[in-house]
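Report on the following structure.
Note that the chains are named A, B and C in the order they appear, and that numbering of residues resets to 1 at the start of each chain.
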Amino acid sequence: MPAYSTNMRLKFPILALTLEIITIILFAVFVVYDDGKHGGHGAHNNATHHEEKTEQNPLTLYPMFQDVHVMIFIGFGFLMTFLKRYGFSSVGLNLLLAAFALQWGLLVQGLWHLDEGKIKVSIFKMINADFSTATVLISFGAVLGKTSPVQLLIMTLLEITIFGINEHLVAEVLKANDVGASMIIHAFGAYFGLAVARMLYRPALRNGHENDGSVYHSDLFAMIGTVFLWMFWPSFNSAIAEPGADQLMAVTNTYFSLAACVLSAYAVSSLVEHKGKLDMVHIQNATLAGGVAVGTCADMDIGPFGAMIIGFVAGIVSTLGFKFLTPILASNLGIQDTCGVHNLHGMPGILGGIAGSSNNTVHTVHLYKRGNVLNNTVIDLSLCTGLIMKLPFWGQPPDQNCFDDSIYWEVPEEEEGEESLAHGDHSMNKAEA
Amino acid sequence: MPAYSTNMRLKFPILALTLEIITIILFAVFVVYDDGKHGGHGAHNNATHHEEKTEQNPLTLYPMFQDVHVMIFIGFGFLMTFLKRYGFSSVGLNLLLAAFALQWGLLVQGLWHLDEGKIKVSIFKMINADFSTATVLISFGAVLGKTSPVQLLIMTLLEITIFGINEHLVAEVLKANDVGASMIIHAFGAYFGLAVARMLYRPALRNGHENDGSVYHSDLFAMIGTVFLWMFWPSFNSAIAEPGADQLMAVTNTYFSLAACVLSAYAVSSLVEHKGKLDMVHIQNATLAGGVAVGTCADMDIGPFGAMIIGFVAGIVSTLGFKFLTPILASNLGIQDTCGVHNLHGMPGILGGIAGSSNNTVHTVHLYKRGNVLNNTVIDLSLCTGLIMKLPFWGQPPDQNCFDDSIYWEVPEEEEGEESLAHGDHSMNKAEA
Amino acid sequence: MPAYSTNMRLKFPILALTLEIITIILFAVFVVYDDGKHGGHGAHNNATHHEEKTEQNPLTLYPMFQDVHVMIFIGFGFLMTFLKRYGFSSVGLNLLLAAFALQWGLLVQGLWHLDEGKIKVSIFKMINADFSTATVLISFGAVLGKTSPVQLLIMTLLEITIFGINEHLVAEVLKANDVGASMIIHAFGAYFGLAVARMLYRPALRNGHENDGSVYHSDLFAMIGTVFLWMFWPSFNSAIAEPGADQLMAVTNTYFSLAACVLSAYAVSSLVEHKGKLDMVHIQNATLAGGVAVGTCADMDIGPFGAMIIGFVAGIVSTLGFKFLTPILASNLGIQDTCGVHNLHGMPGILGGIAGSSNNTVHTVHLYKRGNVLNNTVIDLSLCTGLIMKLPFWGQPPDQNCFDDSIYWEVPEEEEGEESLAHGDHSMNKAEA
């Protein structure tokens, strides 16, 4: 693949500006401020009730919205900075994709629920737009380091659209409840990303890549992401719950699930690692699996100890996944999952779906039968997305430049005749020469 | 300039302690707790209404206040850590200046609106004090790396005082509305800082300085600041808006303006840079211009798409400013704007003022005529501030020690015979020898 | 001490899993969701009133809870990352200990106040659980770098239990008011930690340790902790205050105490340091002493200027403590206080207790007499905790591996034949060989 093909000078600006201009035009046609009067149905099955109750103060949900916002932009953004030379892309492209995804998500979700022909923007709708954004960022984790900004914008456009359709079908057609969205966000985002990663399989990276790893300080930057995700996950799982007792229950369940998950993730990390040492990959990710897994039943009366059991199991499953399953997926199935989203969002998301449905078996069997059809369709659409992304003119990085900011970013140069903190730039730039 | 002059041992403690003791005495005379009863006028034209409505729970605005607080202390503080050897000063002096500025700002703003001879501290007043602090931190960005802590405390004292007078005149005399404060905070802070930077012009830095740049990890620290500013800007622009629909409108407009701004800033950054690569300076700053530019009309009914157009244009203007205007300001006008505050706060602030006034043309012409007189006075006062700061006994750093923490901070030493992460200390300390 | 003893492979997982399973069982027996009906007494003397008032919306305190949560997990966690090679442990073990402590704290505090035989989890109780967690993290600071994860889990278990008893006695038996908890959290945590540090005294570290210091970027990571603690301390001191005027007073007092503290801490740091330079250790810690010291009287009518005087004095005392007292404690009393918690939490906590009690002298003398008995008992229990932790089979690190992540964590390896940001790993791993 010749070097010039990764030059973003025309492709990227044209695509980004075109998408934004189209979005602005669609906003001019469809989007208005929320006036507090609601004739239609909300994006979720409990939306209408919720919005009615908060009519008097339209900013009641604002603090929770900001918590979710921090998860999206700081949480996901910094969690992915663990790679030694991919921090600019991780936090920078996270910002780019999320900024586009939340606009596009608001449109796609809103078009199903037009009110007098318009999408009326409320804090509630902004939270839902952030949720749709989360799916893209989860999938981004699976392909991190192996895709160009152009490819990622295309993935965002398609994934948000597919998510919007899927969410509508699950909520409105299947009448399934998934307040914390274990399935419709986490499992969806993970398997979407894995399908795309499968399509973008790179045999040359089978034996790893020198830049596919962390350095000391990049692991600390990643912990900023981990801890903000961990702290604000109760807001993620409760933001759109019914106000009052249900919302408190969702906060409480998530809080304790996460706390129990930390203990089991640390324990298992030490158990499976060399000399009983803790592994930063596990700590950065598996400690969050409790938040994913408790999502679907966050507002159900499972008892605080029930939530803790879910979190406890999720921490174990997730850590074992990182240790044993990720290498198998890469070597046997050709799925190179950079951030291990299968372990943080995939398996815990399914665990959450199972836990959530175990309260209601008959309905569940019915759901699974119909859901399965949906799921197969989603995977097909994910694979198509990957196929489109694989087209050779989107500026995908060559194998040797994967996991390296310097192919799409100006990276500070090492100073002449002096070792600076940026040393290592030589190797960063070598592949461009 | 002899080396001893930068020794802060007496000057700095005496100034800091004196300022704080005077402040405490003034607080003892003037400042009391808010008792919920308001006889006077608030700091802003809509303050009275606002405070009346929130009388029942004095902490209604507290979450928004904390968002603004995070912008001031984390946002501005870390945004400026992009310099390779000036992180201690960036985040540390940011904390020092802000801690003094918020006390002094509360006094200066409060003295115009005494209630029974007292300043009654409410969350609303704390938010306004944070706003006045923002002006100082914007100006700090213009002179970053070229000033001593003593000079900066003097600038803080004078700028906050001048800001307090200017804000009062704009709000009370001109009756101008500037809820998100594009003009009275952002443009004010930027042009104040540029005027000071002009007075402190250093010909020896005409061709740059080896420390006036970033390293890989310093750019990541700066992104912490960027992302927190980006996320919480809706709170900045809506915190003092009329509660209810107006406040929601301010949140919505800022949110979409920022989202659109990200796409245009990224696109233009790639368009103007070498090989279509993204430039961290643009990403760190120009993505925020949408928040500045939408400020004045944040609570006006411009429609979400109107806000997006403002943000879209601001992202383009700001990025082009960094690329083309900053070098011209430095070489032709002798304005060395370290952080490019002209591009983030100056031009977008004026853009916001124009956008905000375009709804009301007759009133605007009137305002501009009278405002112009004010603006000239403000620039004169800014230049005087710079002149005072230029006096030779405030411990200004010599040219070769600019952008270097080690002149005012104890910086960790490199370990003997071992390369540590602090390597480069040799060069940090060489100018002191 | 042979190397294998620090292998955590069995001890740590067994202890962590056992503790979590016991906790889950106790939760199954005792803990239920809050149903909004309260028959018993709250954890604090003003709890009952408070909970009654917020019955209608159980999430009123949620934003303040999240502020406190950020202090616990980001604030304490990153504040301790200042050590050059102990960042994984600082933020990682902080997460582990806090996740366990908040569960255990909720149980221990709740068992004193059973309601129909159950602990009903509310946001209020979660805040109190976070408070109990703070004591452990303060003590963690005193022994940072010199303890194994197993030792720290044992300390957490015992300290939370002792804290729960002490808090109950102070609040219910002595009827002392300590809303911001200068004494019962900060001084308690500090002196508990110092007593444990005394028991774990290491003569070989008398002359320091090569890893017991910072590097440039580790000091910046620590500032993330400092600034988040500084910003959200008003929430810490006001979260459980009586809603309304008292809560606003607690916010106001803490806000101004912290602001004044910054000025005095910076001034004294420059005054006592070499060539008048600022010292990062002082800035990271002493700027927060105002929040500790104003705690006890945060909701008292001391006037904003009164709060500022307390903060001003606390900043001076704390900085002088770091400069002059910490070395004496280490050399003369055998107390090696890694983070200087005596200066940030110990002395300012006592200062706060004195300030708080000076309004009520007769009651105070009575309290001190009885409190003194309690305090002696607490110190004895702390020493016992240290003695238990000193048992030789908990995997305590050998002297040469203190302050070094690589003994309990997988640390990224330096790349072959290339200097990376992780260089220095050689020395990190040498003690294991």
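FYI, contacts are C-beta pairs under 8 Å (C-beta built on N, C-alpha and C of every residue); 3 or more make two chains touch, one makes a residue touch a chain.
Which chain is which protein? Per UniProt: A, B, C = Ammonium transporter Rh type A.
Everything quoted here is computed from the prediction, not taken from an experiment.
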Angular offset of chain A relative to chain B [C-alpha, multiple of 5 degrees]: 120
Same or different residue numbers at the chain A/chain C copy interface, by half rule: different
Whole-Å separation of chain centres (CA-atom averages), chain A against chain C: 33
Contacts with 2+ other chains: residues of chain A: 63, 216-217, 224, 419, 421, 424
Touching residues (chain side chain C, partner chain A) in the complex: 7-10, 12-13, 16-17, 19-20, 23-25, 27-28, 31-36, 57-59, 62-63, 66, 69-70, 73-74, 77-78, 81, 85, 87-88, 91-92, 95-96, 99-100, 102-103, 121-123, 126, 149, 216-217, 221, 224, 408-412, 415, 418-422
List of chain B residues in touch with chain A within their complex: 63-64, 67, 84, 210, 213-220, 223-224, 226-228, 230-232, 235, 243-245, 247-249, 251-252, 255-256, 258-260, 262-264, 266-268, 270-271, 273-280, 283, 287, 301, 303-305, 308-309, 312, 419, 421, 423-424, 427
